[in-house]
Amino acid sequence: MSEKFKIDTNRKSRLGFDEVIFGASKSITLLNELLDEYTRKNENVLITKLKKDKAHSLLSTFKNAFYDEDSQIFILNQIEAHSTEYKVGIISAGSSDIGVANEAFYTLSYMGINAKVILDVGVAGLHRLLNSIDVLKTFDVLIVVAGFEGALPTVVGGLLPQPIIAVPTSVGYGIAKNGETALNAMLTSCANGIVVTNIDNGYGAAMGALRILNLKGQ
Amino acid sequence: MSEKFKIDTNRKSRLGFDEVIFGASKSITLLNELLDEYTRKNENVLITKLKKDKAHSLLSTFKNAFYDEDSQIFILNQIEAHSTEYKVGIISAGSSDIGVANEAFYTLSYMGINAKVILDVGVAGLHRLLNSIDVLKTFDVLIVVAGFEGALPTVVGGLLPQPIIAVPTSVGYGIAKNGETALNAMLTSCANGIVVTNIDNGYGAAMGALRILNLKGQ
Amino acid sequence: MSEKFKIDTNRKSRLGFDEVIFGASKSITLLNELLDEYTRKNENVLITKLKKDKAHSLLSTFKNAFYDEDSQIFILNQIEAHSTEYKVGIISAGSSDIGVANEAFYTLSYMGINAKVILDVGVAGLHRLLNSIDVLKTFDVLIVVAGFEGALPTVVGGLLPQPIIAVPTSVGYGIAKNGETALNAMLTSCANGIVVTNIDNGYGAAMGALRILNLKGQ
Amino acid sequence: MSEKFKIDTNRKSRLGFDEVIFGASKSITLLNELLDEYTRKNENVLITKLKKDKAHSLLSTFKNAFYDEDSQIFILNQIEAHSTEYKVGIISAGSSDIGVANEAFYTLSYMGINAKVILDVGVAGLHRLLNSIDVLKTFDVLIVVAGFEGALPTVVGGLLPQPIIAVPTSVGYGIAKNGETALNAMLTSCANGIVVTNIDNGYGAAMGALRILNLKGQ
Amino acid sequence: MSEKFKIDTNRKSRLGFDEVIFGASKSITLLNELLDEYTRKNENVLITKLKKDKAHSLLSTFKNAFYDEDSQIFILNQIEAHSTEYKVGIISAGSSDIGVANEAFYTLSYMGINAKVILDVGVAGLHRLLNSIDVLKTFDVLIVVAGFEGALPTVVGGLLPQPIIAVPTSVGYGIAKNGETALNAMLTSCANGIVVTNIDNGYGAAMGALRILNLKGQ
Amino acid sequence: MSEKFKIDTNRKSRLGFDEVIFGASKSITLLNELLDEYTRKNENVLITKLKKDKAHSLLSTFKNAFYDEDSQIFILNQIEAHSTEYKVGIISAGSSDIGVANEAFYTLSYMGINAKVILDVGVAGLHRLLNSIDVLKTFDVLIVVAGFEGALPTVVGGLLPQPIIAVPTSVGYGIAKNGETALNAMLTSCANGIVVTNIDNGYGAAMGALRILNLKGQ
Amino acid sequence: MSEKFKIDTNRKSRLGFDEVIFGASKSITLLNELLDEYTRKNENVLITKLKKDKAHSLLSTFKNAFYDEDSQIFILNQIEAHSTEYKVGIISAGSSDIGVANEAFYTLSYMGINAKVILDVGVAGLHRLLNSIDVLKTFDVLIVVAGFEGALPTVVGGLLPQPIIAVPTSVGYGIAKNGETALNAMLTSCANGIVVTNIDNGYGAAMGALRILNLKGQ
Amino acid sequence: MSEKFKIDTNRKSRLGFDEVIFGASKSITLLNELLDEYTRKNENVLITKLKKDKAHSLLSTFKNAFYDEDSQIFILNQIEAHSTEYKVGIISAGSSDIGVANEAFYTLSYMGINAKVILDVGVAGLHRLLNSIDVLKTFDVLIVVAGFEGALPTVVGGLLPQPIIAVPTSVGYGIAKNGETALNAMLTSCANGIVVTNIDNGYGAAMGALRILNLKGQ
């Protein structure tokens, strides 16, 4: 009836990074075909939002692949550390946000950027954040991850001058509305120049950071 | 066709405070009749959310009345200071929130409680808040007013142990949704034991504080 | 890659109560590490919104722990009754709200406050509430729990003078919208001085009550 | 280009009542043409939701017409009382709801049904409602009007056995959402057999009552 | 800790019908206790929204009970037909709405009212409805059930003069929003005097019909 | 600072129709410059959603222009009838929808298509629609306009086989939500193959009809 | 109690196509009865949105039936290709949209229309779309399927003159809101004359295309 | 009663830019006091979202001030061009977006950054965008402004590698929901690494660009 997919072959030369696969809605059959194609072309590939059961099925076929259960990220071939200098600081309000923080972390690693994750600096215990300020100043870009009321980027944005990409998470319940409250709070932050991604989009924040670092010439 | 209104005559003995009139949707004719009734009974009364043009019309008839344009509060007879001790601290994120802060302030004054308003301690300039902590510790109850992303109650709640009543305001634009974002953020605060009122409900926060102070025996 | 969590060590001295763990989004691995840490420090800890399967896994390791299935509350060490005087009355509209009522009850118990739960005083059978008024007058603080249309706090607020913390629950269906209708109804209550928490947040209501009781000097 | 309107000529024989005109979105030109048509046919007609300025323009042409500013109802010819027996009780939570209550009242009058409006029996002062129960028992149908949290129909529904038509109003502010909260609260009422109309739809409630009274044979 | 439930013992004398139990959020333990209590008092009881697995567990204990899987209604003792005259017509747009239609049907049966269900008269095939008009005219009250765009009550309301209770269902997908679109469409119907219940609330429609029939004297 | 606008010069050859200007958000200065440009190029142009005051200001400069107040459409040069055959039937539920119906009508006229508007065939008086069926069968495409509950396209879609473009209007109040309810109802229509435009988008419906007629070869 | 369903027997002669069954909410018992009925009448039938487990149960009884897991379409009897000319082009932004694309494809096949599916021409890699323009020009009607931000129909609408039916899909996460964002984006497209269906409604798009092709005389 | 405002005096040293005043909700009295304070300190200041009537009142006092009506930006002292090199490209889908584009432009100018505005490169006439690609490649950062369906950032993000800040505008009508649709579309863009601001927040986008340029060392 139709070909199943079209790979965006010149994205790297056009944009400076490769295509990435959204795993959530694809069947295991389609994913196998895609990974076969990348294997045949001897290329690496990143899959986001891949459920555990699909991942384990793929892992049994693609033995070199890496999968992180918290972030649901799947990488065809293991990636290695690139340098010892941290370019991007990924900070989160609570340890429940680890999945989204890790999605940003592994995406950056895959793109060749070294990042550091710092959890549990939420504003309900402000001293934890204030004690981390000197470390936070050393990063080129900050990715700030928070669920519930999403106040962390606002406080960080009032304290630090770097580019700040705020990532709301679906952590919370009730009127947290699966992250919509955190998203809206970040978008209406009274701190200046905070920019925002979709809910749980650690991947997108990493790509935004990559665009910024590419500008700086890394 | 029908009697126009029924005054809740024993509210004071039942609840410890008098009935208050919601002014927004009432006609000027009805308001005049109500104020006449209270004047005849030689009682004072408070009207909330009263538009400027209606207020000025009433002021021309009821010469002793007081009206605050920022908060749209109207009081039949001027009230006087009760003491020099501040029981309630009303703090706000920005000077745009002055209307809601004043609504809480005048309601408390009317109920015989001394309060103090402290504006512009928003979290985007955190030092302004941190410099105020010692003053804030002296209040029995804190009413924390904020629009936009509504982060202030969360930060205050992580720093101070008193009862905290958070009041979202409709200050902001776009996805601030006339205060809905601040409201939801306050309700999902990761700080503990923050309680919340309707958007722009400075009056309700004051009444909540009154219930608490009545418990303490003031 | 990163440390997993940061405990907020001085919260007790700062706010008068200890840190509490949000259990819903944390992995069983992380929860085990956290409980180990608290056990090592010989401290007790409370976990909220913990699913049954995770709780049973933890219970097999931490033999002294307590878990209530209705409220999904987990406490590292069994707590004992503190006094025979009830400070807080927790009343609910229907027996379906028992989970949220219990969350408030156990949180208060853990914090050393004695509370009493009174179910099924919903306004559709008003006499049940009216018959309970004398008992309700004896409490310092009222936590009023309701789902569906959430009318109970409004009626209670018109009858009783104490601080009232309203807790909407997700009980209901259709346009009850998982508690959003009850939440909004409570926030727009025509009764005076009702304050509100997030949907199903019995824990937050208990903490709000604790702040008030601390003010009174218990 | 086209004829401007089509009158539904046999509605009376089909449904037992005449067509009614929705005035809010119609131009003054169109309304004049419609009223001319009804005058020519020597028939009466009811227009709902007619803004004051349009009404006054029409009143200058149609000298016998009646207009009620609170309810924005316009009737081509004055109507007269039909009997002294009240069939329908229209009760409201606050005097701000008078417009919607009147819309129901005048619609019923126009249809030949005698109704009585009772304002200010809101649940925040429950005794006012409880004192009215004996009167309320005398009506065949109850139309219960409320804004803000819309709790009144729930309480009435738990006390009285008649058909109850609940009408939410747009009275309120903030998260009252122009009546949406009251609407949703009424729809999720834990009282049994409450039926509901659109926000501010006093007209629709009257028509619903008419269908019921027609069944009873009035 | 607390008594588990309070039965509303005089509802029948007050309102003309007995209390009914909302089954969706209650534990199997609580439901067993409730049914034991009713059995001990030798009374019948109706439970709504009871999931299949809970129902089957109860059925193994209470052998005389009746359960309808489509409507999730559970009745402690089988009910018998009361008469051969149909008082209420329950019509639905599609056969997918059978669960909600049955909920109304069995509730009415339990209350002693004979009803008839007529499925598949949706407006997309208008002739099926037009062919049924003569039958529909014979009912005292019409309960009109529809999902998707919920147009059926509007068309019926333009054709027939009886009291019409519209019940939106959650049948549909996408922007049907689990019944919210049908609900809003019914509330804004351009047909006159349509009254509406919560989504999937066949039970509430039946109770509304009962109030009307009680007025008529059945 | 920048050029003010870029005209899409080859749209006609690419798509078969010219660019059209959205008038709602443009300043009168910008609109004058645009019209000057079109006048200089000796071309006609259509402006949609143009407020009355702006239109009258432009009419004083561009004497040949045409403006329809109901639909807020402005055309630089008067257009003339093209034929006597009606290709498109534009039908509406009520005469309040005339503005949107006219927007479709004048857009089609401007594009050279003859259309006919038929108002007041709403489903609450079904016979008016059924009486029009023979006329409706003669059109190539049907544009069906409705506000409130938006049921008309569903009924028409069940009776007639042509392409049907449904246009929701913002006519209504309360939970009609400025047309959102009608929009969602049309999108979830149980009639087959109904396609939908944005609220009040008579222009878009006309353009959709034009694409269809172009396919047929008119 | 009632007959279970009414088949719309003359839909073909009235509208040019047969009735189709919505499978999502129907029980397996009801579906079996329906299929038996169609088998007995020796007719074919199409069922949409049929879950895999129900489908497999039906397939075991109806051996000639066809089921496509991606689109959840079930057809009583296998259908055969009708011609080699493609009338309708079904294009999608990503391979995750295959289910909705296939729903349109199989519905058209069932109705006797030949279509072609072209996946992965999303606007993030614009060259893939631009390279396909010459092929896309050959279709009579375009069905454009997209999830996430739903930008594809806008870009296609600016490039091509045919009738374009846009179908939003629920592919995406977070603020994509199960397709609501794509739906709203398509409805507000700045491209001219795009018409839209419900989320995931590939079936409806196919039926809309069929109405258009019937007009052209295929 | 209280001091009126607190200026955040060390923001420049902390974050690299000065405080800015949100003008929408402040009274003319308060704004005059603020501007006096800045004049006294001999500093410049920027006010955003200032309505025309307030601006003209201030302009009559502060003669050197600059006000742009489209963007509602007010600057205490005229600013001068800083260089001839454009760092930031501000592109918009339509000329109706000029206000938001200008807000970004003047904010950047005020902060000492040279920017260029390019209007009318919306995706409905794709060639206009494709023809601008070479110019767009020369900017360090792209601010992409769009209303309606907000598709422009997605297309730009697939073509160009720079940091892209997407700004949704409230231009549109109906289901465009005052910019909410464009906002959600941008947040769910299938292009990689797009970051987003609040609706109409040209100011915030400029500040985000400033953070990025500060990192690069300008």
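Observations on the structure shown:
Letters A, B, C, D, E, F, G and H name the chains as they come in the text, with residue numbers starting at 1 for each one.
Everything that follows uses one rule, which is that a contact is a pair of C-beta atoms (placed from the backbone, for glycine too) under 8 Å apart; a residue touches a chain by one contact, two chains touch by 3 or more.
The model shown is predicted, which means the values in this text are computed figures rather than measured ones.
The chains that touch subunit D as well as subunit F are E.
Fitting subunit B to subunit H on C-alpha positions gives a rotation angle of 90 degrees, to the nearest 5.
Chain pairs F-H and B-C differ in how many C-beta pairs are in contact, and the one with more is B-C. For the pair subunit B and subunit D, the fraction of shared interface numbers is less than half, so the two copies use mostly different residues to meet.
Chain centres here are Cα averages; for subunit E and subunit H they lie 55 Å apart. Annotation: 42 Å between the Cα-based centres of subunit G and subunit H. Chain centres here are Cα averages; for subunit A and subunit G they lie 34 Å apart. Shown for subunit H are the residues in touch with two or more other chains, namely 94, 124-125, 158-159, 174-176, 180, 183, 187-188, 192, 198. Pairwise, the chains that make contact are A-B, A-C, A-G, A-H, B-C, B-D, B-H, C-D, C-E, D-E, D-F, E-F, E-G, F-G, F-H, G-H.
Residues of subunit F touching subunit G in their complex: 14-17, 20, 140-141, 158-165, 183, 187-188, 192-198, 204-212, 214-216. On the side of subunit F, the complex with subunit H involves touching residues 1-6, 8, 10-11, 19, 22, 24-27, 30, 49, 168, 170, 178-180, 183, 198-201. On the subunit G side of its complex with subunit A, the touching residues are 70, 94-96, 98, 102, 105, 116-121, 124-125, 127-128, 147, 171, 173-176. Interface residues of subunit H, counted against subunit G in their complex, comprise 93-94, 122-126, 148-151, 154-155, 157-159, 172, 174-177, 180-182, 184-192.
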